[in-house]
Every structure is written in C-alpha cells, then in structure tokens.
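Look at the two complexes coming up: chain A is in both, with chain B in one and chain C in the other.
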Partner chain A sequence: MSVEAESTAPVATRVYKPAMATGWWTHKRHYFWYMVREFTALPMAAWLLWFLIEIQRSGSVKTFRPGTSTAFVIFSFICLLFALYHSVTFLGLAGVIIHIKALDRPVPPRAIVVTMFGLWLVASIVIGAVLIGFGR
Partner chain B sequence: MTDKRITIRAARFDPEKDKVPHMQSYDIPFSDESMVVLDALNYIKAHVDGSLSYRWSCRMGICGSCGMMVNGTPKLTCAAFLRDYWPRPVTVAPLTNFPVVRDLVVDMEDFMHKLKSVKPWIIRKQEMPLGAGEHRQTMDEIDDFRQFSQCINCMLCYAACPVYGLDNEFLGPAAIALARRYNLDSRDQGTKIRLPVLAQSDGVWECSFVGECSVVCPKGVDPAKAIQQTKLDTTLRFVLPYGNRE
Partner chain C sequence: MNQKTERAPKVALSHLFWWFMFAQGGGLAALVLPVHILVQGVLGPLGVVPVADRHYDTWISILGNPIVKLYLLVLIALPFFHFAHRLRYLLVDLGVPAAKSVPAQVIFYGGAVAVTLVAVWVLLTTAPISLG
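For the complex of A and B:
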C-alpha cells in the first residue's frame, strides 16, 4: 500500500459521548450546595402564591392578618431561612462580581460585600416600613 | 526497603471494538515520592501496556495537555502526586463532558471552535506599523487582566462545569475568561466585536454560577468571576445611555 493510500484510508470516527448522570449533584458537596441555592427559588415562589391566596381568603389587603393560619406562619418561617440563605450566598459573591475603582484604585472586594449587605439592610427597612405603613 | 506499589485504574475505550469505556487495572511500582499520575501512565505505556492512549507534553503544568479525571476530579495529571492517593487505587478517566476518542483522549474540537469564536487576541481598529513603537501599558493596566491571562486551555473547567455537561452549546468558562482577558486589555479595541458572542443566550447568561470551574483551575484563574463580570458589563452596556461608547 502506498503512503498516499494509507493517508486516505477510512479513520474510525466512533466516539463515546458520555451523558450526565441524573444524580450528578450528589457527587460533590459544592454541587449539592449549588443545587440547594437554586432550589430556594421554588419555595419562595410557592410562598408568594400562598400569600396571595391568604389575602384573597381574608377578603382584602386591609383585613389580612398573617398570623391567622399556623401552617402559613410555619411555611413563612421556613421560606425566610431559604431567602436568607439565597441572599447571603448571593450578596457574599458581590465582591467577586463587581469590579470598580475609586480614586484610580480598585475597591477591595470586602468593602463591596459590606456595602451590599448594608444596602440590603436599608432596602429591607424601607420595604418593611412601606408595607407596615400601607397595612395600617 | 519495601517495594511500594500502587494500583492505577485507567479507562479504556477502543472506538473500533467498544461501545462504552471500561476500566483496566495496572499494579505498578511507586518508587519515588515525587511520582505524579502522568509518570504512572508513562510507566504503564513504557513497561506494561503500550496501547494505552493519552495526551501529554510538557510535564510541568504549562501546556495543559494532560488534563484527566483523577478519582473523579478534573486535574492536570502532571501535577497530581501519587503520594496524595497511596495506598488507595487511583482511577484515571478522560475529562467528563467531552466525547471520548480513545482511552483517555477526548475530542477537543468543540472547545477549539468556542475559543476561536470569542477572538482571544488583541484586536485594533487600525493596526500600527511596527516602526511606530509599542502599545505601552502600566502595571495597573496589566493587573486588570493578569489572572485571566494565566489560562492554559486545559479544559478542566469545562469538565467541572455541570452547565456545559447538560448543554454543550454553552460557550464555557475558559473561552469567556479569555474573552474577558482581552476585553480588559488596554491595548485591545475588540470588545464590541466579542460582546455579541458573549451576550447571546448560550454565552454568559447560560452560567448559573456553580463556581466549580474556579475551584479546579490549576493556574488560579477565576473563570466564574470573569463570567459574572461580563454579565454585569453586558447589562450596563445595554442599560446605560453611554454604555456602548468606546
């Protein structure tokens, strides 16, 4: 066989294409906590729906009192934990994502994280005050 | 003196015979504490089974050729010391999320295509003639992109990324990190050319910030950071009235 014939000979093209295992997220702790973080959106969405149902059951926003349903209070507490976990992990990464300079010097990531948590606190107080104000 | 030995379990796949890979065990001498997984594979190739196929080149963590799954974690085999695993067996498999061509060799075509799509080189609106001098940079300007320039295209980040594993259309960590590297370079003027590729649905927005790409990077690059910064960059360019001003 000539060299040219050898080079044009058919080449095996079969490749093995691996598929992701269904339980891939259980293989590493990092993947598991990532999935927990992503999962937190689900109970929070459910809480919002339940919240609307509770308001509708009470007749109007004015007559709605959150403490009337024990199940809703318990679920709200669980969702608060999820929301806090999501917020803390999200805001904790702000220093990685935000890349700004002040006076020609990069702002340290820690300062950005502290600022973000501060803004979160201020936003929570303002929203809380507005909701309480509307409720009265 | 005791003759220490270690078991290497290597994935084997012959495209002409096998439908799926299988594991093959090799019991080899562990004679030197400085031995790495790549040394073990080279020993097998030279003394036990010459048919074992894998990629390697520099043996010093520079070329990025010898990336494989070592006990389930993407690693450069030239930097994975056997002493960290002994006396337990070491399982070596091809990088996950990539098609396997043979044994421990994966098809890099998809990665190469994605890398090229982000144009990881300096783009100038008008090239200066060589005699016109250098494009000078300050140390601060270099520091802006230095860590992203350490990427050696080893593809470990792709093997660690479940987003890429679930959807191969995702542009992926290394390609975005290298795009970020050039976007941050004061000599580059190609950001507007790269952004359409980065901002498309299979670009930065596909990433849901697992972060494992940054964990496994052997060169300390933080691709997750590059991706999130690019998300912010593309958003600001879209939202702010002066966002697209050069």
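For the complex of A and C:
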C-alpha cells in the first residue's frame, strides 16, 4: 500500500472515555446511597400528590375519605423513610452550601449544620403539635 | 483601529430562578415533610394520635383559613421544583442522556408548574376562604 493511500484511509475512531455502564451505581456502596438520595424525590412526590388528592376530596362530605387502610400506612411509612433520608442528607450538606458571616467572621460549617438540624426539630414539634392539637 | 467591545456580564436569571426553586423546595421538604407524613400518614391512620384531617368538620374549617391555604400551597408546590431536578438527573445517572435535553426540561419543570397550578385550583375550590 502506498503512503498516499495510507493517509487517505479512514481512521478508526477510538473511544478514550468509555460510556458509563447503566449499573455503575451498584458497584460501590457510596454510589448506591447517592442514587437512593436522588430517588427520594419519587416517593415524596407520590405522597404529596396523595395529600393534594385528599384535600380535593375534602370538598364534599360524600367524597371525604381520609386514608386509613393498612396499604396506605405502609405506603406512608416507606415514604417517611425516604423523606427522612432526604432530610438527613440535605440538611447535612448545609454547611457546604451556606456561607454566612457573623461579626465579620465566617460561621463554621458545623454550626450551620447543627442550626439546620435544630430548625428541623423545632419545625417538626410545632407542626406535629398543630396537626394533633386541632385533631382533639 | 483596534476597537475593543466590552460586554456587560449577562446574568443567568433563568438559571438563578430554577436553582433557587430547587434549593428552597429541597429545604422545605427536608424541614417539614417528614412530620406531615409521620402524623398524617402513619400515626393518625393507626389511631395513635388524633389528627386534624381525620374529621370532615375540623379539616374543612382548617382548610378554609387563608394562611393554611398558603402554607399548603407552598408545602405541596415548592418541593416539586426540587423533585423535577432530582428525577431528571436520576434518569441521566441511569443512562438516559435525553433527560438533559430541552424537551425533558420542559416536561419536568413544566410538571412542577402544572402541580402548582392544580394545587392553587384545589385550594381555592375545596373549602371557602374564612377568617373565622
């Protein structure tokens, strides 16, 4: 083969950056929990949609049916686990995301995380007390 | 003549808006959603505690309060902007690059907007607004 023919021959392309395998997130525990964190959105969205439907059904005493079945409790319990995981991972990252200063000094990330978890506790107590208090 | 043209930096307002909604939705869901699910989805139905949404008269009078309506709108609508982003990138991570495309963005963030509009409609039509 001549030199000219060699230079005009199609060059096979090489993939230097292989595509990620679909199941890459199953290879390491850290990746798996990252995907679980991303997935938490789905059950939380499902629960909120149910809640919206329940509000809509409250429009008439005939259609009012608060969820009482075992299936609903199991569904809510599963959603609760995902919601708790979302809370822990999201609020745990607050120290990395939020940068604020107090008295011209940056607030330590640990203090921000502790504050966020404290806010979570206070919000939970207040909302829980209101929901239960009005039910009495 | 060498003429330099200086352009003012363009503020990515759209980017800023969606990231703001993502962060606020995620923060709100983290702070208040677990207690709603625990009380209204587990403890109330099991009869462990009395809950406001178990009885029609109590629930409908609470739903009529405009502050409650506003709270419920924020509680339901805002997290969906967070969910839209999370679910879109979940698909990307699962090997669906099309989830990054503009049509996918329209579907996911449009879905969040649709949920917001439905929530507004439901809250305005379900219980008459009353300050009492």
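We adopt the following convention: the second predicted complex is superposed on the first by the 89 of 136 C-alpha atoms of A that agree within 3 Å, B and C clash if a C-alpha of one lies under 4 Å from a C-alpha of the other, contacts with A are read in each partner's own complex, and residues count from 1 in each chain.
In this section, contacts are C-beta pairs under 8 Å (C-beta built on N, C-alpha and C of every residue); 3 or more make two chains touch, one makes a residue touch a chain.
These numbers come from a predicted model, not from an experiment.
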item: First (chain B), second (chain C), both or neither touched by A:Leu131; value: second
item: Partner chain(s) touched by A:Glu38 [first = chain B, second = chain C, both, neither]; value: both
item: Touched partner set for A:His27, first chain B, second chain C, both or neither; value: first
item: Which partner, chain B or chain C, touches more chain A residues; value: C
item: Partner chain(s) touched by A:Ala111 [first = chain B, second = chain C, both, neither]; value: neither
item: Chain B versus chain C as contact partner of A:His99, first or second or both or neither; value: first
item: On chain A, the residue positions that both chain B and chain C contact, one per complex; value: 20, 25, 38, 97
item: Residues of chain A touching chain C in the complex; value: 19-20, 22, 25, 35, 38-42, 44-45, 47-49, 51-52, 54-56, 58-59, 61, 64, 66-69, 72-73, 75-77, 79-80, 83-84, 86-87, 90-91, 97, 119-120, 123-124, 127-128, 130-136
item: List of chain B residues in touch with chain A within their complex; value: 13, 15-16, 18-21, 72, 96-101, 107, 140, 162, 165-166, 208-212, 215, 222, 224-225, 228-229, 231-232
item: Residue ranges of chain C touching chain A (in the complex, touch as defined); value: 23, 26-27, 29-42, 44-46, 49-56, 58-60, 62-63, 72, 75-76, 79-80, 82-83, 86-87, 89-90, 93-95, 115, 118-119, 122-123, 125-127
item: Chain A - residues contacting chain B, complex; value: 12-18, 20, 24-25, 27-28, 30-31, 34, 38, 93, 96-99, 104
